[in-house]
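Shared chain: subunit A. Partners: subunit B in the first complex, subunit C in the second.
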Partner chain A sequence: VANPRADLAVKMDRSRAIHIAQDFSKYPAGRFVSDGPASGERFRDEVLVPFLNSVSETLTVELDGTLGYGSSFLEEAFGGLVRERGFTATDLKKRLILHSRDSSVEAEIWGYITRATPGKTP
Partner chain B sequence: VQKVVLRAPEIFGLLYPDSRTPLLSFISQLRRLVLVSERRVSIDFSHTKKLYSDGTLLFAAELDEILRAARLRRRRPREPAREYRLRLRRPVDANYPTDNVVEQVLQHLGLLERLNLQPRGQISAEDVKHWKMHTDTSVDGALAEPLVSQYQRLFQGKDSSKMYDGLVEAMTNSKHHAYLRQRRDTTGGGPPEPRWWMFAQERDNKLSVSFCDLGIGINRSLMVSDVWPREQVLSVLARFGRKTDSKFIRAAMELGASRTKEEHRGGGLRDLQQVIESAGAGLSLDL
Partner chain C sequence: MGAATSCGEIASACARLCAGANNADSGGGWARTMIPYSQALGPLLALVAIVAGWIWVSRDNNRRESRKELRVHLNEIRELIGHVEDAANSYFRKAPTDDESRSLSVKIKRDLQHLGGRLATLKACEKTFNFDAHLMAFRASITDGDFDSNARAVRSHTDRIFLEICNAANSLIEATEDAFARKYSSGS
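The block that comes next holds the complex of A and B.
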């Protein structure tokens, strides 16, 4: 797992793109920080939210390059933006660009964002 | 105090009752002797002839848990200090199997050392070399990488990310759902450790993957989980008839697809199903 806090502070100043495999981990897995080293919660809070807060316009998330994604990781990382961190699905649809060779991953993420209910904690 | 000699079954396999019943009975006796009667046990592998991946994985997992729990045992009143030390350090040992391939498997998986036996031979059997076992309490995708590489080699052109997704969700499921309560046959050892065991065997261009936890079982975890309301679980189960473990797994998959109470939870089994679907006819799932 990369050290997102240190590495990304510099990158956030000049980039509007996150490459998960490079900026976070090749092995994203698990839902909560207590699950393991590269969880969805950790990715959301240490990478995704700071990036979203630092750019005023669009943010591209490059999903290729990892070994894969479990549904728990994706739901907590992206659905959790709405459920836990106050973003709205409407705002995210305007600002978030997902990029993957596997279009089913993009569709899965948008499904989690759309279905998430604000304030409903696990 | 003399050690109790416990004879290991001829076959370590779970698929058929002829081998499953003796293996489960053997494991249960081992647990009770070490953790309830607090005896030292010596396993006799002289009659063991065949180790299948499912039975071997369960034995390895139960042995890990028994050894962990045994280390937490207190000294009995008037128990000699030497006996207590032995009971803590070497609660279970064994003799070397008479079957050479069985010995190679136990050696290759590190089970000989766990049973205080020194590895003494080369691993020469071709199919034994490709047995791999991992265990951890964390959801760590890096641990799935060797298996994903095996999958890529065997299923060229298939999407290996689905295998990765299935494995890490199995780890996550184990962590979130398997250890919600103490198992019913618990014999102490403190709070349950959310550990999982993964086993892979490549043989004749076929990859078998087994995943194991020692939690409360799918049926209890469905009933006590906060993911779905109990009435909804019972309503889905009522449609499946006799309540075998496989029916509970099917119910969990159906509930995962419907998603009601905790809308963001319970989708992990779908990832496991997609592993099978992505490989098409080359793969099967035994429930």
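The block that comes next holds the complex of A and C.
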């Protein structure tokens, strides 16, 4: 019987990881760059997309450690990958591992990725 | 000890009764054989009854304590939801440039994170206590759209967003109360 925890450990070991609190900001806020320096758009374009383009396998995004997330940040950062940057939901499901103590944050992000339509504003 | 003695006496009396009945047709042989067993079995049955009673009372007490602890936890969650809702109502009535608006934004995100953590703890204890969908809807009702945006407009008291926040908060509270009621009304 497969051990999900062991599987996750192997995947995390083989992939690169982004720790938002360490690699970006402890206070993520806002949707667009015009909303502030820790916006979802900036995180997407300056951290997430370069990481995704540089790794061929999976990328782990560690969401814990910040002061919390607004939906606008999450939608722009992750839904924006499909809407604005040409990634597909299928590809992201294979390559992105989200990790948070609060499973509702992970589910919310996957919801934005799945519902996003290329070129269409949310 | 008193219970054990009385049970022993009852068992012995039963045996004597059986012996009397059997004396009429079989000369009391069966009863004479059973008397020593019944005298030994009586105290044993009493002990089993005492242990079973203790287990039942102990389980009932544990269940009552768990129920109380869960009730306290849910009350705190309900209070936290209320704090987030109040903060959101104040936040959207202030201009984005207002200092208090910025601190309210931080408070809302921090409290939503605490709320997520507390609900995650509940889910870890009891699988059926999964409120992810309701929490997502509550978080999105407040922090989606132009939340944290510098271009955000100040909302009037009658703006639709306040109704949406209120509905999402109520929906989350109702979901937790329903789960609590289901758990403790089914007798599980």
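Going forward, the second predicted complex is superposed on the first by the 105 of 122 C-alpha atoms of A that agree within 3 Å, B and C clash if a C-alpha of one lies under 4 Å from a C-alpha of the other, contacts with A are read in each partner's own complex, and residues count from 1 in each chain.
Assume contacts are C-beta pairs under 8 Å (C-beta built on N, C-alpha and C of every residue); 3 or more make two chains touch, one makes a residue touch a chain.
Just so you know, these numbers come straight off a predicted model, no measurement behind them.
Participant: Once subunit A from each complex is brought into register, does subunit C clash with subunit B or fit beside it?
Facilitator: After superposition on subunit A, which the two structures share, subunit B runs into subunit C.
Participant: After superposition on the shared chain, which partner residues are touched by A:G36: those of subunit B (first), subunit C (second), both, or neither?
Facilitator: Both: A:G36 reaches subunit B and subunit C.
Participant: Does the superposition put A:P50 against subunit B (first), subunit C (second), both, or neither?
Facilitator: neither
Participant: Answer with first, second, both or neither: which of subunit B and subunit C does A:A107 touch in the superposed model?
Facilitator: In the superposition, A:A107 touches subunit C alone.
Participant: Using the touch definition from the top, say if A:A116 reaches subunit B (first), subunit C (second), both or neither.
Facilitator: A:A116 sits against subunit B, while subunit C stays out of touch.
Participant: Once chain A of both complexes is superposed, is A:S71 in touch with subunit B (first), subunit C (second), both, or neither?
Facilitator: After superposition on chain A, A:S71 lies in contact with both partners, subunit B and subunit C.
Participant: Once chain A of both complexes is superposed, is A:Y27 in touch with subunit B (first), subunit C (second), both, or neither?
Facilitator: both
Participant: Looking at A:G79 after the superposition, I want to know if it touches subunit B, subunit C, both of them or none. Which is it: first, second, both, neither?
Facilitator: The first partner, subunit B, only.
Participant: Out of 20-28, 56-64, 92-100 or 128-136, where does subunit C run into subunit B after the fit?
Facilitator: That would be 92-100, the only stretch with clashing C-alpha atoms.
Participant: In the superposed view, which residues of subunit A touch subunit B and also subunit C?
Facilitator: Residues common to the subunit A contacts of subunit C and of subunit B are 27, 29-31, 35-36, 67-73, 75, 102, listed in rising order.
Participant: In the complex of these two chains, what residues of subunit B are touching subunit A?
Facilitator: It comes out as residues 138-142, 144-145, 148, 159-165, 168-169, 171-172, 175-176, 259, 262-265, 267-268, 270-271.
Participant: Would you mind writing out the residues of subunit A in touch with subunit B in their complex?
Facilitator: 25-31, 35-39, 66-73, 75-76, 79-80, 83, 102, 112, 115-117, 120, 122
Participant: What part of subunit A is in contact with subunit C in the complex they form?
Facilitator: 27, 29-32, 34-36, 67-73, 75, 101-105, 107-108, 111
Participant: Which of the residues in subunit C come into contact with subunit A in the complex?
Facilitator: Result: residues 105-106, 108-113, 116-117, 119-120, 123, 131-133, 135-136, 139-140, 142-151 of subunit C touch subunit A.
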